[in-house]
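In what follows, chain A forms one complex with chain B and a second complex with chain C.
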Partner chain A sequence: MRQAAPWIIGGAIAVAAPFLVTNGYLFHLLIIAVIWSILATSLNLVLGYTGLLSLAHGAFFGLGAYCSALLVTKAEWNFWATIPPAMAVAAAFGTLLGLLTLRLSGHYFAISTLSFGIVVSLVLEKWDDLTEGPRGISSIPAPTPIDLFGWGTLDFESNTSKYYLALLALALCLLFVWRLVHSPIGRALEAMRQNELLAACLGVNLVFYKLLAFSMSAAMAGLAGVLYSVYITYINPIDAGLWNGFYAVMYIVIGGMGTFLGPVVGTLFLVTLPELLRAFQDYRLLLLGILLILTMTFLPQGIVGGARTLHRRWTGR
Partner chain B sequence: MSLIELQGVTKAFGGLRAVRDVTLHVERGEIFSVIGPNGSGKSTLFNLISGVMPTTSGTVRVLGRDTKGMGPHKVAKLGLSRTFQTTQVFAEKTVLENALAGRHLHVRTGLWSAQLRTRFFRAEEARHRARALDILDAVGLADRAAQRAGHVPNALQGRVAIAMALASEPELLLLDEPTGGLMEQEVLGLMDLLRRIRDRGVTIMLIEHKMRLVRQVSDRIAVLNNGGLICDGIPDRVLNDERVVEAYLGTADHAAA
Partner chain C sequence: MSPFLIQQVANGIMVGSIYALIAMGVAMIYGVMNVPDFALGAKAMLGGYVAFLFTATFQQSYGVALIGSIVVLGLLGIGVERWIFRPLAGAPPINGFISSFGLLLVFENFALLAFGSTYRRILSPFDRQVVHVLGASLTMQRLIVVVVAIATMVGLHLFIRFTAIRAVAQNRRGALLCGIHTERIAGVTMALGSALAGVAGALVGPIAMVYPTMGETLIVKAFVITILGGMGSIVGAIVGGYILGLIEALGAMYVSVDYKDAFAFGLLVLVLTVRPQGLFGKAAR
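So, the complex of A and B:
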């Protein structure tokens, strides 16, 4: 019960947030942070738990966003029906990229995923007939209202409803990751991250498990893209570019690589930080840089890892 | 059927032939030791048998199967587990989690069963946990189950590695210098453990330097020198063989010179 308490309190704060945050701009940042948290959580699955530095996650994010937005705006699909294909497309590209590159190790793998990210945003930019090129896709409608069979309809026009939608998605993703990590598959992934040779000698098929983690993670990044597209209502090839992937890496490093909540904590912190630093407007990026260096030097396990160490010392365990 | 059959196995690293033309076989139920001076190719031989490295020429058969082109995970699946000369454990994980990692080959739960926490999943996890605890008990680590493997005293880390290897319930266990860093008393304990493992039906192949241990537990011994097999057979015969004494101590001529 004592272990459940922090989760219940955290969940309650997340659910009550729309009533606590009255400032419109701050609430916007909060929604964005929840969506980025999904991307960071997906990347944590490969970077934190499996030990693969992927720089292609911005591309998976963009593929999900484009797939859903195109199906809604051009094929007039019901929004909810676009989620499975959007995640499947991201997963398919993830699998394909994985098949080609997962035999590479370390930097070589990171570089190939980087190139993939560049290619995806270039194709989205040049394939004008389908993607509207650099103009992007605008006026993406809000998610299709859900008919509650006589109890009225649930619409997603307001920011509050979009917040809850994103929060639900984040909760489901976190549940997925938690159950994955605490299962034999998670044990195999962690074994690989810590010692590939030993894992292989215990019978772990390295390529298969990396591919599995990579494609699941890509699907989750695609879901984050879908939510982004309906919240912002506008996407362009830059959204599928490298920066989103780099930012996600940064959120994880600050929050705590390979920790369960690190990606969420890091994202919340870094998305709201610029607001807290308003007074130092001109020096924001400089301060952010210093913060990154300090974190990597003194808190290699990020905020969550540092807090965990403190907690252990405090309770003497 | 021999559990391991090596036929003319050679491994070359560039011009250096670390293992040359080795032919030997290991029979079910025996403790088979490989000895030889440092750099004689013992660990390389283990790497070739366990699929960690491909052979340059010759064939390796494990439990009747030619392992050509198989990676270590496939050889492991045939029923072979191994430990490493420099003890390898998952230091950040608890001893129990290490043993559980060794259960990998027996996992039948799929992704969705784990996601939905089905009854099958829960029953299987409980079974693996019980099995892992059994094995920890058998190697004398039961009271350390909750400790992190990296925090266990050095002398016991080797046992964590052995527990992990045993957790996959292999038919064949390859141990690369399990006595490394052990005190006299601990070596005796290990000797006893090896016999118990063998008595449970696991065939053991052992690389070892401590001659007293080798002499007392081995059913047969093979001696490598400069990558080549110079002698194999029962302990008394091998350890008194002229060529073996020469490999370890040098010839009388050298001694005189």
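So, the complex of A and C:
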């Protein structure tokens, strides 16, 4: 029970947030932070638990967003029906990219994913007939209302409902990651991260497990993109560019690589921090860069990892 | 060969020189420090701005501006190695990569705050003189890019061959055992690599513009080139730079101008599937 208490409190705060945060702009940031948390959680599966630095997650995010937005605006699909194909497209690209690059180690992988990200945003920008080019896709409608069979309809026009939608998606993703990490697959990933050679000798099929983690992670990143497109109602090729992937890396590193809640903590911290430092608005990214370097130097395990170390020292365990 | 083709080849060699300079910096730094320096493109951008300051603000000649970028970026490289990469020595390599990404953020946003987002042009007296080579007409500046780049790369390559940098790149621990001050060598390498990027920025400034995000595509292409040439192989980086420059120039002519920036990726896919260790790399993985 003592184990569960922090989770229940955290969950309750997350559910009550729309009533606690009355400032409209802060609430907007909170929704954004929840959506980015999904992206960061998906990347954490690869970066944190498997030890692969993927810089293609911005592209998977963008692919999911574009896929859903195009199906909704051009083919007039029901929003809910676009989620599976959007995730599948992201996962398919992830699998293809993984097949090509996962046999390589370390820096080769990072650089290959980086250039994949560039090509995706380039194609989205130049394929004007399909993607509207640099103008992007605007006025993406809110999710289709759900008919509750006589109990009225559930619509998603308000920000509060979109917040709960994103929160539900985040909770599902976290649950998925939790279950995965504590399954035999998760143990294989952990073994690979710690010592690839030893894991291979123990019979772990490295490429298979990496590919599995990578494509699942890509699908999750695609889901984050879908939610982003439907919340912001506008996407352009820049959303699929490198920076979203970079920011996700930053959120994870500062929150704590390979910790379960690190990505969420890091995202919340970094999305809301600039508001606390409003005076430094122009210097935001400069300060973030410095913060990232300082974190790598002095606290490589991030906020969550650092807190865990402190906690252990405090309780003497 | 048609004059147009010769023109494109000449352009390809010019662009390839810039790529080769930065890729050589990446290969040097990777060889010694085992970190792909993601901030090197941003250092090229800073080199461009330094040259801009020297020519526009201090009214110096273009030659002085080139040397100025080398000196300023070299000093920056020493500082970066000492204060950012040296403390990370024992950490996993991924940490260095992430730190260099933090540096990229710092440099780009510093440039944005200091110089604004407007495109700046470095004034060079050589930009108006036209020379004719084999039927192609080139500005003197383009010729200077190629000549300076090749001279720098050959000189530096010889320098590396006969100094301890080579030893450290081959085996850091072995070099340390032989009494080589590996940390100092890392500093020197970082300084030289950064200076290479600085030269590249100052050279390309009069042709293309100088702006805060100009380094992003440069560094990604330099990375692709180092994979093409084999990670850490300096000759591979130089050859790869020219290969990519030529492929882009000819591809833009025969295939598509819109997707010019995607050719690097196509090349990467090809290399990764056919020869993952790169053209000049040892089969290590």
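Everything below uses one rule, namely that the second predicted complex is superposed on the first by the 310 of 317 C-alpha atoms of A that agree within 3 Å, B and C clash if a C-alpha of one lies under 4 Å from a C-alpha of the other, contacts with A are read in each partner's own complex, and residues count from 1 in each chain.
Simple rule for what comes next: contacts are C-beta pairs under 8 Å (C-beta built on N, C-alpha and C of every residue); 3 or more make two chains touch, one makes a residue touch a chain.
Because the structure is predicted, anything quoted here is derived from the model rather than measured.
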- request: Classify the contacts of A:Ala92 with the two partner chains as first (chain B alone), second (chain C alone), both, or neither.
  value: neither
Message: On the A-aligned overlay, A:Leu206 touches which partner chain: chain B = first, chain C = second, or both, or neither?
response: first
Message: Quick check on the superposed pair: does A:Ile185 touch chain B, chain C, both, or neither? Answer first, second, both or neither.
response: first
- request: Could you tell me if A:Leu286 is touching chain B, chain C, both of them or neither one (first, second, both, neither)?
  value: second
- request: Using the superposition described at the top, determine whether chain B or chain C touches more residues of chain A.
  value: C
- request: For A:Val21, decide between first (touching chain B), second (touching chain C), both and neither.
  value: neither
Task: Name the contact category of A:Ala171: first (chain B only), second (chain C only), both, or neither.
output: neither
Query: Looking at the overlay, what does A:Leu197 touch: chain B (first), chain C (second), both, or neither?
result: first
Task: Show which residues of chain A both chain B and chain C reach, each in its own complex.
output: none
Chain A residues within the chain C interface of the complex: 51, 53, 100-101, 103-108, 110-112, 114-116, 118-119, 122-123, 126, 242, 246, 249-250, 253, 282-283, 285-286, 288-293, 296-297, 300
Chain A contact footprint on chain B (complex, rising order): 50, 52, 71-73, 76-77, 81-82, 84, 88-93, 97, 100-105, 107, 109, 111, 114-115, 117, 121, 125, 128, 164, 168
- request: Please give the residue numbers of chain C that touch chain A in the complex, ascending.
  value: 30, 36, 84, 87-88, 91, 93-95, 97-99, 101-106, 108-110, 113, 216-217, 220, 223-224, 226-227, 231, 258-259, 261-262, 264-265, 268-269, 272-273, 276, 285
Task: Spell out the residues on chain A that touch chain B in their complex, using ranges where they run on.
output: 176, 179-180, 183-185, 187-188, 190-191, 194-195, 197-206, 212
